[in-house]
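Lettered A, B, C, D and E in written order, each chain numbered from 1.
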Amino acid sequence: MTTFLQQFVNAAALGGVYALVALGLTLVYGVMRVPNFAHGGLYMLGAYFAYASLTGLGVGYIPAMLIAAVLVAILAALMERFIFYPLRNAPHVHPMIAAIGVLFFFEAAVQLVWGPDFKQIPEPVPGILSVGGITITWQRLIVIAASVVAMLGLNYFLKRTLTGTTIEALAQNREGARLVGINTNRAGMVTFAISGALAAIAACLIAPINSVAPSMGEVMNLKVFAIIILGGMGSVPGAIVGAFLLAFAEVFGGYYISLNFADVIGFAMLVLVLAVRPQGLFRRGT
Amino acid sequence: MLDVQGLGIRFGGNQAVQDVTASIPAGQITAIIGPNGAGKSTFFNLISGFYQPTSGKIVFLGEDITPLKTHQVVARGIARTFQTTTIYRELSVLENAMIGHRVRTKAGLLDALLRTGREKRDDQESRAGAMRALERVGLATQANRPAGALTQEGQKRVGIAMALSSDPKLLLLDEPAAGMNPEETVNLMALIRELVAGGLTIALVEHKMSLVMGLADQILVLHHGQKISQGTPGEVSRDPAVIEAYLGSHAHGGQMGQSTQGADHA
Amino acid sequence: DKVVQIGYSGPLSGGAAFYGKDVQSGIDLAINDLNKAGGIKVNGEKVTFKLVSLDDRYLPNETASNVKRLTGQGIKYVFVPHAGGIMTVQPMTTRDPEFLLVAYSSEPKILEANNPMTFMLPPRYDNYAAPFVKTQIKAFGKKLGLVGTTSAYGKQWADVITDEWKKQGGTVGANNGVDYGTTVDYSSAVTKALAEKPDVLFVGGPSQPTALVIKAAREQGFKGGFIVMDQAKFEQMETMIPKNYLDGSVGVLPTKEFSGTQVFVTKYQGVYKKIPTSEAALNYMGVNVLAKAMELAGTTDDPEKVRAQLSAAAKAIPQSKTVYKLFGVTPAGHVDAEFIIASVKGGKYTKLRMEKTFK
Amino acid sequence: MLEVRDLSVKYGNFTALHGVNLTVNPGEIVVLLGANGAGKSTLFRTLSGLQRPAGGSATWNGTPLTGGKPEFNVSHGVAQCPEGRLLFPQLSVQKNLRLGAYVHRRDPAGTEQALEHVYSLFPALVQKKHDPAGSLSGGQQQMVAIGRALMARPQLLLLDEPSLGLAPLVVEQVFQVLQQINQEGVSVLLAEQNAFAALGIAHRGYVMESGQITLQGTQNELMNDDRVRSAYLGV
Amino acid sequence: MKPGTGTVGWIVLFILAALLPFLKPSSFMLDVGTNIMIWAMLAYGLNVMLGYTGLLNLSHAGFFGIGAYTVGILTLKAGWSFWLAWPAAALLCAALGYLLGLVAFRTREDAFSIFTLGVGVIIQLVINKWDKLTGGNDGLNGINPPTGLEALSKGLGLKLSSGFYWLALLALIITVIVVARARYSTFGRSLIAIRGGEDLARSAGIDVYAHKLRAMLLSTAIAGFAGGVYAVFVGFMGSAVTGPVTTFTTLLYLLVGGIGTMAGPLLGTGLLYSVAQSLKSLQDYQYIIFGPLLVLLVMFAPHGLVGLWERIRAGRKGGGHA
């Protein structure tokens, strides 16, 4: 029983990690339909910028996170301006390939600057919480909480604020959006900037749990794309449910079946869900 | 030719088509009219197998086609066009029509790979069938132009040619005259008449009363998904329910434009 | 004057780049040392070296391609640091053109291929099993849990340790290995392994994830010992997690703790600003042995002759050039050196004795 | 006042408009007639800033409209109900309409009022307000498009074939409303295939052929012009 | 549209390519040539789905792997001749592709891509974990060259690498013929219709589902066919090449060459593979250059090399379509 509960907590923490990364992507992929494969790269850069701020500038954890968020946001906005915007009318695979090119570039650049070795970001709140034999580190609790907060915030932003609606409108019909007076250039950049900032914040929160390495984004990339489709494109609650679902499938699949096949189980569940509900969990069928 | 019985479909809480029983007689032109959102396009979508009805039955030439998939319905001889012009803009006019002919050919992947006699025959037949259709709509000379380069009206004709090349017995046209000026509308009416004279049965949805009144042998009126009237143009345009729901002052004028002007000056 | 090119095909980008780079740094350092010292004299001619590196992203087919390219440029000595690549190119060594394959991988199968042109640098990992198991059973108890990485190499390790553990009378729980390269959080694997209440955990993969596994186990209250696979380096792990977490572990002694390695360690740190691991040290050794063998063979063009002189070369050069104490090279092409393992207690490394070594 | 001077527009090497001259005086309804492909939509797109001209100018009360920034044009009082509707298919009808008032986002009260007005004009939309616009029937979508343009509360309203796909009764209403808002001071430029209805409410009109204005005149002049009668009125 | 025009060019190209080994190029050159042809075949297979049918199947490399492993396992463990195992591998992939399609075609667009991505990951992981059959992480080592290949090369006074080169060329020629025939046929035109718009194709009377299934079958068969050559060529099979990364690489080749074109897959693979090889010596800088290069290619040659060529040929005549 303790083991079961411990696994439950583990799954929740992993779900939090997935959700945090997926939420940043929801905005550009789920809503704007831009398959930004460089999102994993932005996530990775976020971790490195924070690392550099911590070790190079000697600032604290929170300032480092803010610096990283701002830098990555700027970078993401520039990407929108110079790559995705010009490709807005091209078929889907074009921006996807361009994004992969950017990802290659980011990884190589980071390796050149910081080397290929793993880096450490220490936990800002070290220590563990232990209740009745169940343990969880504070950092993981923070991740879970942050993912829920980010989800609520993002959902509110998209569904209840005008800027949010603007983003959705822009994604669904760019000309229509311009025609009602939306500055689509700016809105597009703002959207990417928000997504970039979310990626960086996610990276800063997750880095102390996992490692900081040039390939850290790649590992996440496929999973978070899958999560967004699993939850239903454009649905923020869907993304978070998808994230936790995948995490639980992996953890409990690994626990009851075989750890060797944990990843297989995760993707098998994805495939299964899509076979039954092709439009994802949270989107109404058309 | 086509009989529907108790046909209905709901989208969530919205009963878009409800308990419609009607028939489309062979060799005639049946017009379907009704206010916006009455369920006309949905009615066509049901017949062509695009949507599965939630109730009712569709019988075509004595066969129950309700459960059939769209391509099977087309194979039985029902073709259609869409309300907004949808064609393959980047393909040539001829290719568009050839795609429409696909349902009459059998050659598959294996035939393609082995270049069998069937493949060669089917290919020639597609070309011939497509050209026949293009001639019928008057586009034969434009066969090799990209369809997207044609005018709106030309594109509408491409859409009709695509439907015609499947050798249909029944043709469903959804607002074929939308966006056409009076002159073009008259041309279209002539085309439709010709098609019917050639043995085709046509059902069409249209808001242009000049066309409807000038062409239809029979009119079916939908409102809120239900059939509220059916009859000859004369009968329908005198039906108070139809006037109330749809025609308004147009009931008495032939040309809708004139009556608007009249209302204006009133 | 003559320049001899040394080929290298390893992962220089992607998830394993850190590993490929570490290996490359050892080769590079040795070549620079040799060149700075004015090169070597072969048959009266001055010979310097040049490294030609190609990225293979850890993919054996890329390694094969790279090796063809390198040998096509007339290169006769190629370093490859992963078992998959090594075994893919082994059959090519004796085809025209011939070349000497310097293999950096502790996989015993490399030797089983009986390839006459292979020169294998690290000790076989099956050497470690017996002393590791003996120490940990004695110190902690008879129940073993497995949370190693699931790379080819990690799985072999797990098998060897399992066999040895049973042989010495212990019991082994289910294998809860996970891929250290792609796993985002190790907690659940650790939880599963700990559910069987093991006394000792087998862990290991690259240092950083290994440290995270150890951390997760300690955080979940594990008090027992660890058997750490040779791929993970204590000297790197101790910078990542609290040192006391490592207490009760057995693994390979950090390079800097070997006697006589200080010269190398200082030199390496001066250039690369980081602690050298055995990746760098063994490849540094490999290049030096190779160079010496060329001197002894009196040729740089005939890899077969050079190969024949490897053992003599190993014995002829000082420890400053081999880093570790070398006894020679076996006829099968395997380095015969003193390799020491250690257990950690109170942050200190205690050397363990090896009773018998496979060569 | 809308002043279009020698406006030319090119798509690649194809010239869609050749030096078009046209004016809409304050408070006027002006109709633009033309066959398919004449260039009407091109002119409208240019006036909204969606298309950059190759030459010439277009100004609204002296403000140039040709800067290629639609948002600028809308905020200066020029709104369009475009060909092809350009709705946001997955957003609800209500959100589509509200976005029409994007330039008035600092005036929520005015927006609410406009919204009420649009709903009263198209009661069919009331029960659809929470449905995604893409699920509506063709005619209902056209209503949303017109409604969205009205939401911007423009001084100059550009309508590109607003009656497309609308039931006759609704067309009648739309034209009545156009007259009504025109009387409230809004200038209207209207492209229509339904020439009778359009000329019926217009003060003046232009005829465009192959990207050029070939005829212009008052309502009466056009109504009685033989060419117009045969080509556009179908008599 | 007219298959006639290009045919002569293709024949000349293939004859020249077949003569290349007699110029005695280095074995590395031949190796590059062989690699290009194998990956180009994979790209042709992907093109059948993406270029003609408009669906991005991200499990494509999985079928390449299944084909390769089938050849590896059948020749190594069951003692089959390569010449028998090879077609068997293609057939197996066709059958599996068909089965996958039965389920996968319930989804559309991005969901289809992600669905197949999941399948691709599963295929790779299963290959990786099924130690008994596939050798797991160790892979399959020592897959022998096809019988007769060495004798053929030696007989002509050439090395084995020439033999592999010809084998790949033969396979490529077969692939190109098959793909060309499929494309320029009644069947192929229907695929193009599906790519242009599924709903429209359906209402035009095309059995969309059945056509997609057949396209998938053809595409995966080609992938397996390419995999078979790969297995004997490298002589070693590891699971790494069977994963989505390989699919993405192939996608790159296809995009750079020109999606939906006949020459695109070969051109794109040829260019990118060579560029990647020449960048290799730059080591740390290879992706610093390769990444932006991709971005530039996508932005300034959106229709790939073939599109670029057509634009140049159209010359000053202009007429760029939007």
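The working rule: a residue touches a chain if its C-beta (ideal position, glycine included) is under 8 Å from a C-beta of that chain, and two chains touch if they have at least 3 such contacts.
Values in this document were obtained by computation on a predicted structure and should not be read as measured data.
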Steps in the shortest chain-to-chain touch route ending at chain C and beginning at chain A: 1
Field: Maximum centroid distance from chain D, chain identifier (CA atoms)
entry: C
- prompt: Comparing B-E against C-E, which pair counts more contacting C-beta pairs?
  reply: B-E
Query: Hey, how far is the Cα centre of chain B from the one of chain E, in Å?
result: 43
Message: Rounded to a whole Å, what is the gap between the Cα centroids of chain B and chain D?
response: 29
- line: Cα centroid separation, chain A vs chain B, in Å, comes to 47
- line: The distance between the C-alpha centres of chain B and chain C, rounded to whole Å, is 74
- prompt: What parts of chain E, by residue number, touch at least two of the other chains?
  reply: 284, 286-287
- request: Can you tell me which residues of chain A touch two or more of the remaining chains?
  value: 107-108, 111, 260, 263
Query: Can you list the chain E residues touching chain A in their complex?
result: 50, 56, 103, 106-108, 110-111, 114-115, 117-119, 121-122, 125-126, 129, 244, 248, 251-252, 255, 259, 284-288, 290-295, 298-299, 302
Statement: Note: in the complex, chain A contacts chain E through residues 33, 35, 83, 86-87, 90-95, 97-98, 100-109, 111-112, 222, 225-226, 229-230, 233, 260-261, 263-264, 267-268, 270-271, 274-275, 278-280
Field: Complex contacts: residues of chain E adjacent to chain B
entry: 1, 178, 181-182, 185-190, 192-193, 196-197, 199-208, 214, 217-218
Message: Help me check something: in the complex, which residues belonging to chain B touch chain D?
response: 11, 14, 34-42, 83-84, 151-153, 175, 178-186, 207, 209-210, 246-250, 255-258, 260-261, 263-264
Message: Please output the residues of chain E touching chain C within their complex, sorted ascending.
response: 26-29, 31-32, 35, 136-139, 141-142, 159, 161, 230, 234-236, 238, 240-241, 277, 280-281, 283-284, 286-287
